[in-house]
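The structures come next, written out as structure tokens.
You will see chain A twice below: alongside chain B first, and alongside chain C after that.
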Partner chain A sequence: MTRRTESRSGTGRLAAWLLAGAAGLLHAAAFASTADHSQFKQLQQTFGSGPAVTTVCLECHARAADEVMASKHWTWSFPDPHSGKQLGKQNVLTSFSLGIQSNNPTCNACHIGYGWKDNSFDFTAKENVDCLVCHDTTGAYRKGTGMAGHPPVAGMALPEGTKPVDLADVAQNVGKTSRDTCGTCHFHGGGGDGVKHGDLDTSLTAPDKEVDVHMDALGLDFACTECHKTTDHQVAGSRYALTAKDPHGALMRGKDDGRNPATCQACHGNTPHKAARLDRHADKLACQTCHIPEYARGGIATKLTWDWSAAGRRDSHGQPLLTRDDHGRIVYDAKKGAFSYGEDVVPDYFWFNGKVEHLTVSDRIDPAKPVPLNRFEGSADDGESRIWPFKVMRAVQPYDRVHLTMLKAHTTGNDEDSYGRDFDWHRAIARGMKDAGKPFSGEFGFVETEMSWPITHMVAPKEQALSCVACHGAQSRLAGVPGIHVPGHHGHGWLDKLGWWLAGLTLLGVVAHGAGRAFAHRKGVRK
Partner chain B sequence: MKSRTPLMTGALLGLLAVPFAVPVHAADADWKRGRVYYRFVCTDCHKQQPGGEISPTSRTMAEWKAYFAAGKHEKGKNSLRHFVSKSYRESIKGKNQAAAKFIDVPEEELWKDVQAFAIRGAKDGDAPAKCN
Partner chain C sequence: MSERVYVFPLFERFWHWAQAILIMLLLVTGFEVHGTYRLLGFERAVDTHTVVAWTLVGLWVFAIFWHFTTGEWKQYIPTLTKVDAMIRYYVWGIFTDAPHPFRLTRLQKHNPLQRLAYLGVMTFIGPLLWVTGWLYLFYASWPAWGLERYLSLEWVSFFHTAGAFMMLLFLIAHLYLITTGHTVFSHLKAMFTGWEETD
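Up next is the complex of A and B:
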């Protein structure tokens, strides 16, 4: 009996050890990743292409491809609820490329898929979804230039000097998205580091607090998804669906009420300042207007102008001209035209109510004046607008003289229609419009364009927010913004003089009255 | 009370298993932490020196590996490793936030982290990197 008891006791003790050990391991797992992808046999193989990796990913993450394929990252198309227009990269015009349709292999290096090189791309093929571009943690993953979204892999015919990506290593080390992964495309929009947005460049991979208080690598160190809250691979906070004014206060995380979680107010609420007077400013001003005093503040310049009409020059030897400035930036490229850049740029300011009108290649234009490629709507009196900071990109680009529409062109690659090969605009435009399925009269000219980009990243420390005099002084940043009276800046000379005279007379009256009282008092004392 | 002993011991063993439960690659160098240290400690000091900043892309992977293997700073005046040592971090933590943030990171780990970033960021590395 005693022995049996001891035996039971021993078994129980073993069970207790095992259970406790298992509990401890579970506890350990709670602090670590729950899945070490390097241990998965399916990923321990040599991958010859991106789709081969995706096929393996989908064995476990069965719904992931469907979710991605429902996102703008995949469709590059967005139905605008305000105008009914189909927007997205497939449809809108920019100053930075003359349309993606005939430049797919190059532009689509930033598509979240593999192989979109022309209109035959299969948008329903799940294996074409690129999981690695967003979930790489090694920093070694990249899509090849002109490879339609495919990464360079050993065994492919790669241009000299191109380093192949070890897809197995990347796949075995997948993890959450990061500023590095999002930045792979979003920091390089427009064809280079910081080129397009002005408030997004590689300085944000590991910035200090001065560059961005939220992404500060030594402080909050926010990933993009901290604000751009993502559910089922749908990333919130697109520039196609901006929230100009968010009066609803802080948004409880997890509460799904259709609000945009990427607004400042979603975390900071509507009364974040100690002084109520500053909170009241938010009725008319976007938070970004004061808290992002300049953009391109991380030491990387953003492109401010692009003159496509200047392209095509050759040097004295007949070679295409390429010129750099003192900082090593390309300021002239025969294949693309002339550029200018800026760092620490003071934004432009407009009223914005959340609605953006985008020009498409089907819309008629007036070439007599600069053509707005997009227009942020809003006014002082619509009750929905606030004054926002913007980068305004100014360009000169081709338009159809007969149809009075903007034109797309084939500017990349090295084929006979590519502008970069023979510098023949007519051929490049004809090809670009054909690929876009739009008419081209055969007659083209160049027109000035403007495109606005809202500034919302690179939030400065509060000590570096705009001071009062930046707006309430003679040289106000808001000079020229219609429909608003800025005390200290706006004023009438005669009214100011009248005010000073009245103040002076009041002071004089007070002094005279006081003197009279004093005199009367002394006289009374003597009596 | 006796019956709690194996439970406690098992739980402790489980806790000790934490380092082994993390993915194999998590035990590898953390190049992102190395990047922060490189930029906010190494670069922060170097940009005030006559030679200025030294970008990872200024050297090849082989050159960086040889440089770290030699471990000499200022042509041998100092040990390179001294600049990731805890004593060095202690000496500058009052004026350098990165040194303060990583004050408790074991020297060996930080040494590997910085190497990982520099070698990855080399001109022929997997992800060429500049100082900013």
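Up next is the complex of A and C:
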């Protein structure tokens, strides 16, 4: 068995990788299934497509497809219990892609299915469920770019240079999900490694302890499902249903009390520190606030800004511009616009009570100020909130000047409407909105947007948690967070002024008094 | 001709100097915790402040016991007699070599202004700092003690800081006033030897 590898720099990392690979082998052996799928006759055949494999899987795992089809991984839709809105990838907006509907063949390479290339996709066809993308252990499985979720298989018309996937080999080596399989999509959200989340990137494939104390490949080596406990293919702990505060003890195994098993408290309880004073912080702060001192800590940068309005420039030869920075990161792409990145980024902090309001393409906006694409609700006094760390993504993206809504656009592919071919925003937007089934007035402009992403992975070892002075000092990370008194940062305004004035006056008084005595004494001596 | 009176027994002198050091340490570390400057670093300042505060609590347990078993607490019974004379002396007499209006004895070792000032320190500034300091220290236990609804850290911190400023003002005045004895250093010497010189 081999593990999926990504290019990483530094010999230290390479060494860690080799060790991690060895550890991974032992790990896999220890957790291997009692069923050896390579012995199964049904899997000893040449598969011409993904659905052909799924059909065989379902012969034994009869209910698996039904379970997957009930999950957000399949529906990409999530009815928000707070707002009643339909969320999920089909509905929400981000700064990273301007809507999925017209871009399905590309975006849906991360759908847990085969063939969602347009609205005709059959969400009830069980053979369209992609078992392999999550259960591959070979690292050889992948979905093709622009192939709507299908893997490239020998016999298909494949773009030049595309290596086909040996589906039989992958199918014979299926196993539990892993950081590699989850990471196939979740590390690459937003179109590249680490682009979207800031706390999820390929550095978590085999991280060292400093990058993530739980996933440490040579230590605890947690798989994602260690926290995101999965039953019946329903993965716990969604960004759409975060548990902002969990002031309870550790979960008891087997006891189903309806709690989210993916919180820190689910294992650590709410009083994990030696000092009660630190535990007390937990009634204001999320664990992540101190224990994830920075995000994008694994050596892979995350995107911090994206200016779509800058797209479309050509060089002097009329070729679309593509510019990289010193690290080899694309900072300008004529098809997409201008970007900036960050590593070891200090998060933004705000109160969060578990409710997130997501802007959809039907909501009206005020283009006079930056448009929040999502809004994390919470306050110091609602009794439900904790102060959380966030990545704030800032972008400039199109909106409808007449309808005052955000706009979707066709930004992928190479057809006549795709922005990347002719750099015609009007056509790309018209197509994006048409495919989304939403109106477009024909007049568009660009507006600044902000989108917040909660930071919860890349937990540092406790020695590297934030020190007191990160908040309790003149320069405080929590500066500007309302409703808290941070000793060492917040003084007492007028009391401090009055106190120091009085101290100064007293000092001046006694010095003057002493000087007077000395003066009088000298005169007295002379007399 | 000056006389000598034995006014400060050994324990009282120990109490005084230990307390002086502890209070100054508390002021230095406390104002760092408050954010006024950086010296030890916030975390070490908090730890030091806490240890020193508990040490002072221990010292006070002994001091209270001592005051009541020896009857020395009576030295702090407030009086207004001669307060006006004392004030006149500090404002005027001290510059003209007028005689000190208070004659110190073993049974009355503090002048009326000292009595008032020390009583104020021990019954107002001290307790204010203690109560708020304890609440601060046991912030983590507020919910368990049912105090969560009645207190806010901001106000506890406010009154603790106010107490600290009062203690600082006392300290400045006290340090100066010890130079107003028979000679500039006679009060200071008395605090070491126990023997006070009088006019």
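The rule is simple: the second predicted complex is superposed on the first by the 460 of 527 C-alpha atoms of A that agree within 3 Å, B and C clash if a C-alpha of one lies under 4 Å from a C-alpha of the other, contacts with A are read in each partner's own complex, and residues count from 1 in each chain.
Basically, contacts are C-beta pairs under 8 Å (C-beta built on N, C-alpha and C of every residue); 3 or more make two chains touch, one makes a residue touch a chain.
Predicted model only: the values in this text are computed from it and were never measured.
S.K.: Tell me which partner A:249 touches in the superposition: chain B (first), chain C (second), both or neither.
M.R.: After superposition on chain A, A:249 lies in contact with neither partner.
S.K.: Once chain A of both complexes is superposed, is A:502 in touch with chain B (first), chain C (second), both, or neither?
M.R.: Only chain C is touched by A:502; chain B is not.
S.K.: Touch test for A:445: chain B only (first), chain C only (second), both, or neither?
M.R.: The answer is neither, since A:445 touches no partner chain.
S.K.: Considering only the touch criterion stated at the top, classify A:279 as touching first (chain B), second (chain C), both, or neither.
M.R.: second
S.K.: Please indicate which partner A:159 is in contact with in the superposed arrangement: first for chain B, second for chain C, both, or neither.
M.R.: Neither chain B nor chain C is touched by A:159.
S.K.: A:79 in the overlay: touching chain B, chain C, both, or neither? Say first, second, both or neither.
M.R.: neither
S.K.: Where on chain A do the contacts with chain B and the contacts with chain C coincide?
M.R.: none
S.K.: Hey, which residues of chain B end up touching chain A in the complex?
M.R.: 3, 6-18, 20-26, 31-32, 35-36, 39-40, 97-98, 101, 120, 124, 126-127, 130, 132
S.K.: Of all residues in chain A, which touch chain B in the complex?
M.R.: Spelled out, the residues of chain A in touch with chain B are 12-13, 16-29, 31-33, 36-39, 138-140, 142, 163, 172-173, 178, 180, 202-203, 205-206, 208, 217-218, 298-300.
S.K.: Can you check the complex and tell me which residues of chain C touch chain A?
M.R.: Result: residues 32-36, 38, 41-43, 46, 90, 94-97, 139-141, 152-154, 157-158, 161-162, 164-165, 168-169, 172-173, 175-177, 179-180 of chain C touch chain A.
S.K.: Considering only the defined contacts, which chain A positions touch chain C in the complex?
M.R.: On the chain A side, the touching residues are 276-277, 279-280, 467-469, 472-474, 485, 487-492, 495-496, 498-500, 502-503, 506-507, 510, 513-514, 516-517, 520-521, 524.
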